[in-house]
């Protein structure tokens, strides 16, 4: 325990130096900015900003890059809440209730609770990394393709619960999402699937393109249809910050979300994406009145946002303790370490203790800064919603185009948001919900790849999924959740549930 | 000016590409912007660069994969990379390493391969993806040493290394930066390097060739090329700036830290080398009967 | 979105179809499933030990198709919503704006036709103005000001501050400047000129106090 405090002390000594404070602030600011801009992701931006960090010392460089990373997570929620465009897989759920809150004039409350919940989650996750980072690495290694597949199955079951309309339609959307995720070159055989021979489809559909199309552009098309609900906040804008009642409703979801997010974030291979979905499912299941979800329930923002930030934080564990990057942004951090002559791996902690602990301490500092940056911004964002829609949507449109173009410099990506916008519009008209489709899409690819890997390793034995205890446990949870989800429709004895309207 | 990099942003090699771009840009007095596109094994970026105006504003980072392997591996490569570009210089040719988890019973490459030969198809190895340098180096090893093992492709080296540590893979051939930290901490053991001779970085580790398969050599190399027809004087200027950048200062240090010696040879040497490599990989791919659409 | 969308036709109880929305939704799923099966017809299903590329897509397609069939069945069995009307103007112009941006931001060719790369300075305003007309309340003056102010803002934000590799203007335009000018200097000057133009329009052109058009179903509907 003494070690723990002396290590943290060392870390804060580094993180609180004037230069590092400045870099953390700069990183958080840039991160917030690119997170808010639809489409512009942290990957493209960090890659472009990498040369700027060449001249810095490695600790400072990594502190800034980490700041951009979680700043972007923060900013992404803002866009999801204000204009219903989830920039990252993790903010899809935030868009569900957050945007509804915004439509009800409660954008400030949603943004506020997201910021405060994230700060709490970030604080806890920082402590988790500092205290348990090393032992938790073992947990990550337990997770192989078999366990991962079962985890994804559980995630897909959550997607059923996400939907608030017909369960049948939700299942159909999940399947379509998984189907879309199989478009592109097959990882194992290298054969192209469902690409129509188009070269830009050979790597599959980009998440940002799909999400921006079926959420963002479709939302614009839908709003253009409905003048009366269109100006997002026609009614008076309510409070800018959450009040006591909001906190009372939100504090438990924040704690639960933090726990879920922290655990899932540790898993290799980007387990953090599941965090917000799992948190949302949990909140909806234990709520007294689950029908409020999807209609602006504050718990539906507080839980997932906390899980999101906690996961973003703890996903540094595999990077810091093993040197294995769990996602593309972390891979860039590896690049940054390489440039500075630091070899990512288990020895960073002992060979570069100032870097290791300085970075951990700076995570908390960064979270505090994000709170300081974002709370005053809430007023500004909410005012943005007062811009007449006829001026707001062309601006959103242009930002979307630029953002998507900046990801791969491909005009075809931009055209695809138009295509998926039309698809999303059709889905709305036919009574389908886009959120389960997106979740199916995100989890689908991970699920297929791990399913096949698990079967190669087990030489084709399906029993591998039951023989592995962790995997079996996850599948049982999935089955139970599925039963609970289907219960209302079974009890009411109808094949289709339009209830909840 | 732009530098087209035929794989996605992130990771050690991309970082070095950016470092080189920075240095070259400074020497030429303008910014060299990196454009990543990893689609279709790098083929899309390579084709785009081939079609770009040969005005000296486009430079391609020429990787082993898109330049000499993919034309034999993919059925739909529309250009011949060897004739579509004017080579400038080879930057580096980095060895890969054959690694096993620390609790593996095999302490020598020979033992691992003996075991693999006696148990055809039983051993499992991970790779950074179908057609990646790590996959091809293993395929070549299996051909040379005449054994069969089961391939499990991953998306990038990271998750594959994770499963190697978790004991679900028996061995792996991978690039140095993707595993160096774990080698230093003793979590994995290096059995051999894939260069012809020992690497300066791992003086105590023999090469595959020295372990009993003298014909074996596989490196992950990359250099700079420009679209065919780029004016000679401009091409020379870029080449000179590149060679200066990679053989001095921080870039040299970083390359050496990854067991990759900076090279900076002449366009003629680079051309000859790519031709030889292309012929060699055509053979290997044909023998292994792997293909990618 | 399962909230009742106003403006839709009420459940059409004519004939045996009691839920037209479910019928169309179901048929769409069936068609999608058929498309997926057709696209993967040449691919190998493989075995569990060595799964082929088509195995999972085919299972999924079957699942999607079954969901579709159940939906079709339910459209005859239980009452549901009618079909919403599709508007034409919004989607057409929004999509047109996006495509216009895509083909002009950098040179783009389809077959023999290719477009010049005009860069953000031209593609941006074009997207705003075309897209802006997606609503019947569009006013050219306002859109012009928006385009002339937002474009330089984006040029500076994306091209200058964030350093993203986005073409800003046509190469021919950049060639007009002396060679000693850096790309960034040209960018900043152009941005300033555009913003100045926006301010000019704002100050000089008369402001229409047009009656606020706030009635749904104004035009362009089918």
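As written, the chains take the letters A, B and C, and residue 1 is the first residue of each chain.
Here, a residue touches a chain if its C-beta (ideal position, glycine included) is under 8 Å from a C-beta of that chain, and two chains touch if they have at least 3 such contacts.
For clarity, every value in this text was computed on a predicted model and none was experimentally measured.
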item: Identity of the chain that, by mean CA position, is farthest from chain A; value: B
item: B-C or A-C - the one linked by more C-beta pairs in contact; value: A-C
item: Geometric centre: closest chain by C-alpha means; value: A
item: Interchain centroid distance [CA atoms averaged], chain A/chain B, Å; value: 33
item: Separation of chain A from chain C, taking each centre as the mean of its C-alpha atoms, in whole Å; value: 23
item: Centre-to-centre distance between chain C and chain B (centres being mean Cα positions), rounded to whole Å; value: 39
item: Junction residues of chain B, two or more chains touched; value: 34-35
item: Chain C, residues touching no fewer than two other chains; value: 163, 165
item: Residue numbers of chain A (touch at least two other chains); value: 44, 48, 188-189, 191, 409, 456
item: In the complex, chain A residues that touch chain B; value: 43-44, 46-48, 50-51, 54, 140-145, 185, 187-192, 199-200, 202-203, 268-269, 318, 322-326, 328-329, 331-332, 334-336, 338-339, 341, 343-348, 408-410, 449, 453, 456-457
item: For the chain B and chain A complex, residues of the former touching the latter; value: 8-12, 14-16, 18-19, 21-22, 34-40, 43-44, 73, 76, 124, 129-131, 150, 152-156, 158-159, 161-163, 165-166, 168, 177, 180-182, 184-185, 187, 250, 253-254, 257-258, 290-293
item: Chain C-touching residues of chain B, taken from the complex the two chains share; value: 2, 30-31, 33-35
item: Of chain C, residues touching chain B in the complex; value: 163, 165, 182-183
item: Residue numbers on chain C that touch chain A, as the complex places them; value: 1-7, 21-22, 24-25, 28-29, 32, 36, 39-40, 43-44, 47-54, 56-57, 60-61, 63-64, 67-68, 70-71, 74, 77-78, 80-81, 83-84, 86-87, 89-91, 94-95, 97-99, 101-103, 105-106, 108, 120, 123-124, 127-129, 131-132, 134-135, 137-139, 142-143, 146-147, 150-151, 154, 157-158, 162-166, 214-216, 218
